[in-house]
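Right after this note come the structures.
Two complexes come next, and they have one chain in common, subunit A, joined by subunit B in the first and subunit C in the second.
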Partner chain A sequence: MATAVMTTLDPKSRSAARGMSDLTIRNLFIVPTIVFLIVFNIFPLLYSLGYSFTDFRASSAAPATFVGLQNYRELLNDPFIWSNFAITAKYVIVSVVGQVIVGFGVALLLNRDIPLKGLLTTLLLLPMMLSMAVVGLFWKLLYDPSFGIINYTLGLGSFEWLSNPDMALYAVAITDIWMWSPFVMLLSLAGLSAVPKHLYEAAAIDRAGSFYTFFRITLPLVAPILMIAIIFRTMEAFKTFDLAYILTSQPTTEVISIRLYKMAFQEWQTGRSCALAYIVLIMILAITNIYVKYLNKVKER
Partner chain B sequence: MRKTMTSMLAGIGLVLACGTSVHAQDKELTIFWAEWDPANYLQELVNLYEAESGVKVTVETTPWPDFQTKAFTEFNAKGSAYDMVVGDSQWIGAASEAGHYVDLTDFFNKHNLKEVMAPATVKYYAEYPSNSGKYWSIPAEGDAVGWSYRKDWFEDPKEMEAFKAKYGYDLGVPKDWKQLRDIAEFFHRPDEKRYGVAIYTDNSYDALVMGVENAIFSFGGELGDYSTYKVDGIINSEQNVKALEAYKELYSFTPPGWAKAFFIEDNQAITENLAAMSMNYFAFFPALINEASNPNAKATGFFANPPGPNGDQFAALGGQGISVISYSQNQEEAMKFLEWFIKDETQKKWAELGGYTASAKVLESPEFQNATPYNKAFYETMFKVKDFWATPEYAELLIQMNQRVYPYITGNQGTAKEVLDALAADWNATFKKYNRVK
Partner chain C sequence: MAHIQLKNISKTFGNHTALTGLNLDIADGEFFVLLGETGAGKTTTLRMVAGLEKPSEGQVFIDGVDVANWGAAERDVALVLQQYSLYPRYTVRENLEFPLKSKIRRIEPDEIKTRVDRVARTLRIEHLLERKTDRLSGGEMQRVSIGRAIVRKPRVFLMDEPLSALDAKLREALRTELKNIQMNLGQTFLFVTHDQIEAMSMGDKVGVLNHGRIVQTGTPYEIYNNPRDTYVASFVGSPPMNLIDGKLVNGRAVMAPLNFELPFAGGAKTSGATDGRPLVFGIRPEDVYLESGAPVEARVHDVENHGVEKILTLRVGDAMLRATVPARTDVEIEQPVRFAWDPDKVVLFDKASGISLRHAG
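And now, the complex of A and B:
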């Protein structure tokens, strides 16, 4: 197929007149992207792998010395780092589960003939179009114990959403759910509208209950696309920084990316932070892999 | 193909080359500082320099929490975006050892700045290592922690009577930390939406640590021995345990949601009728006597950080010195600017604009001391200030202190003794890592 495309360069076209071969044209499109990828992604990735085995500090003029696996060993033995990972895991679970429930639920509600459906869908997508920093700043105002609208509406008095160490992480997760449920909703909606109508008709003829219809028809058919939404959201939630950083400074909300930022750009422990970044990368790769395996299984069904 | 690539690269190169050459030609100086009122006063001051010399000086600012990160990112990249920086006192170790700052020792000695500037400012803003006679910056903005309070609440006869009945002494400016605590407790009335005290609690940079320092230093404690790096038995001393407990107790008298408070929140506590007393840097007090920014301006009073139980009285040092950045392409111009900056008239003008001059002569003048309700307290405080570690690894020490102290103060975790013992172990490990101790 590819060769068929390659050989159909029109002999009268300008490219042909200039004497460019198909290969040149292909390279012209691909090479800049590859160069960009190598310079800005692959090279720093490999370079930082090298740094992760040294005690290099970008803030000092002292040369980096090789320390072997010391950074990895010390990081994995640091109870603070483990608590950061535990916080991150808790955050990912709460926020992704919340987004799937809310997003999928709203999609189910929207997946029928209702007036102004298009407008409604567009309006529901608004949170996701805002910048993280802006969302963080205005949710901070909404959560304010003295004048925040959330406590006022719910009649919670001066409940401390962000200063309460046990509540702060949930408050950040709620904000994330508000912001990203529309994303899950959008993908679910696409999946739902692709479910063939005749399956529902057949189920109705067989007098299948709505519960049965949902678990036997709707969910299995939407599952692959829902899985994709979950993969995206898990990866994003795992590297959350902005929301948690802006909303609160509780140690109970110090997700791993905030710790990494502090280590790299406040303490300037460049070598060690490279090692931590690699640990995080490996974890994300592992989690994503599990998901992708599962996704393939779901697709096979 | 190769030709195309070559011309593309040449194009990019040309653009970059043009960019840098344009930058090198202009006679402009850029000073980097944090975003706060004194930076605006400095911009007003340097406008006078432009009128005199024709050299345009711009004060570029960034919010406090990013200040350190942004400055060191630029330094580490050996960037020439800024010619001078008004950098935090604890940066000197890191910035001088890594060669980011130009050595100003000759300039310092030539102008006899050791005598011209107030001693504490020379010691903490300019000299590194301690007592080495090597200077890296010119004291620019002197600063320390002080307190503001609601005079109208304090002078209300009913309150005075109730206070005396409850505590057995007259309500007034607290004479020690015990009284500070009593007054905070007395005014803490959540039902009336009035609270006792506003203190620093933000743990994203040095706010919380500086707040705690006020208690530690006044309780007679120290953070450690800055020359031998000994911390065990010093940071976890008995005085420090008591000081930390006292700070934690103050936290229970703060307004709701007070777990990420720094200078903005602490001034709001006064302007929004939230708290009876508020801890803040003197640099933020001009906003409190200005009726445009504080509706309670007339009813706001000020006092210095009170002594602890043994009569020791100290305050956490703030403030910054101005340093020339090694990678600046306008170092000569920058030195000329500094010569203008240290002149007596300039320092006087600096104080008039609202800047906290470090010039001893200006500080001592009755003109300065009577200019505002808090200048006298400032003058007195500047002679009893202490600071955080200035070693190159100060940022790690700061984060470790935040990690240990914050959950205790705001989250009720552990005891003061446990927290400080753990901190001593953390700091010791850090100093071992950098071979400061064996």
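And now, the complex of A and C:
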């Protein structure tokens, strides 16, 4: 197939003069990428799969012994791990739902002729462009119980956002919503502006109310692109680490990636953490697959 | 049913003037066709009647009521667009039901089903009812789109070039169908098109629009036989009317740059047609005929065979003239022929203003 698509080389070109064929040039472009992928992605992936069946510890010189499925068996029977997963699930749901509501809502507001629309959109995208660590650090200041601006403006006195075990996870989710709603907004805006204007006119002529128009025309047409935004945000939220790690250290905010980090680099249980990483990977694949199936169904309609 | 009036409508978009001083009167139950080139302001006029656009100046009346502050929903109009505007992801039935499910007027489910089925039968799309709209052909989509307009029984039907995107055969069929629907419903139709054949064959009345102004309104017969100016004369009719510069001298038409003469004695009497005044002579191709003893000689420049007739392009000097002759006329390219015209059918236009002398007086 690839050869059929390729064009023939201009016989007068310099590459031709050096005696390079189309195939050589193609390989010149592709081989570095493939080498890169193998060295940095595929090899570690397979290597860690191997470790996940051993009791290897990167901190000790002791050779790794093969333990079979023991790591997986123990992890899946560990109630603490399951509570980490539950925390992660709660975090993913709160943060993704929040981002979709805020992002899509702002996109609806922006999807009309308003002055300074371009500038406004750019400004709204700023949070997304900041580094996670920076966002974490300065929201820590915003949340501060004694001098934080959030408590000051909301008049909450010295309400403890981050050291309150029941609130901390929501505080992290709020920060994530603030940071990533613009992403959902951007994609929704693209979807919204792709809805042909004449459909709205037709609906107005057909005397459809604004709610009816929204649910019967706007939403179905934006659904596929909104779905893509949700897939991206779910995957990201599922593996979230830096925000939660920087903001708090409550047991109630220990999402699965923090658990994984601790297991791998504080407890040095390298083999076991490889197994946990694989469990997380399989879960993300499964969730994404469900979404993609649904996306295809939405697109078909 | 409704009587529509547009009074002194002007519309500007930024620096661009789309319409100026437009007056229209569309009688109840009339099939009114707005004819004009692309960019003449036809669609803008239509959208103003629909309430999708507000006039910069002037008023729109529906049944004598000024509807300036009414939205599209309150005006109770139906709109069929060239791009169909079917709601994607829904079946044909759901599309047809859409206007009936509006909250403004509740309709019983049984009633909805009856109406949709009746419309589907009228438009012969019953077999498509459960199909998704993106699986339809262009003609089927346009039928559904017309169906969505009919199903609601609006006061006025507005159609914006609904047939333009269809292929020739289908366009012809739907043209007849639409006209029949209009006659059966007895509704007011405002139909916009750039196709003069559509305008002539469907309209009870035709309004010719040029650069945002109504040039002429009248029955297709009036528009065709008595054009108000050279624009209408050249826009309506296929092939268009021949327009030749010249003047009258002693009851003969003397074509100025071409130096040929045609008798004009007994031609249509028109005031103002004084000898020597610079004029444009307009003659329809079917009123030009070939005859062995005719006064002017020309050469056959081109022959178009249309089956029932042939359209000849005649060359006199370096000017071209079209003539429609019966198909059995045997001519060859570059063959010399003699032609004459029917003086009664000649329309005189003032050279400077382009306005027909019959209308000027």
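In this section, the second predicted complex is superposed on the first by the 295 of 301 C-alpha atoms of A that agree within 3 Å, B and C clash if a C-alpha of one lies under 4 Å from a C-alpha of the other, contacts with A are read in each partner's own complex, and residues count from 1 in each chain.
Please note the rule applied: a contact is a pair of C-beta atoms (placed from the backbone, for glycine too) under 8 Å apart; a residue touches a chain by one contact, two chains touch by 3 or more.
What you are looking at is a predicted structure, and each value in this text was computed from that prediction instead of being measured.
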Superposed partners subunit B and subunit C on subunit A - clash or fit: fit
Partner chain(s) touched by A:G105 [first = subunit B, second = subunit C, both, neither]: neither
Contacts of A:Y212 with subunit B and subunit C, given as first, second, both or neither: second
Touched partner set for A:P127, first subunit B, second subunit C, both or neither: neither
Vertex subunit A angle, Cα centres of subunit C and subunit B, expressed to the nearest 10 degrees: 160
Subunit A residues touched - subunit C or subunit B, whichever exceeds: B
Touched partner set for A:S158, first subunit B, second subunit C, both or neither: first
Which superposed partner A:A204 touches (first subunit B, second subunit C, both, neither): second
Contacts of A:P224 with subunit B and subunit C, given as first, second, both or neither: neither
Smallest distance from any CA atom of subunit C to any CA atom of subunit B, in Å, after fitting: 49
List of subunit A residues in touch with subunit C within their complex: 196, 198-199, 201-209, 212, 216-217, 220-221, 301
Subunit A-touching residues of subunit B, taken from the complex the two chains share: 1, 4-5, 68-69, 72-73, 75-76, 94, 97-99, 190, 193, 202-205, 255-260, 274, 392-393, 395-396, 399, 403, 406-407, 410-411
Of all residues in subunit C, those that touch subunit A in their complex: 50, 52, 71-73, 76-79, 81, 83, 85, 87-89, 98-99, 101-105, 132, 148, 152
Sites on subunit A touched by subunit B in the complex: 24, 27-28, 31, 58-61, 80, 144-146, 158, 160, 162-163, 165, 248-252, 262, 265-269
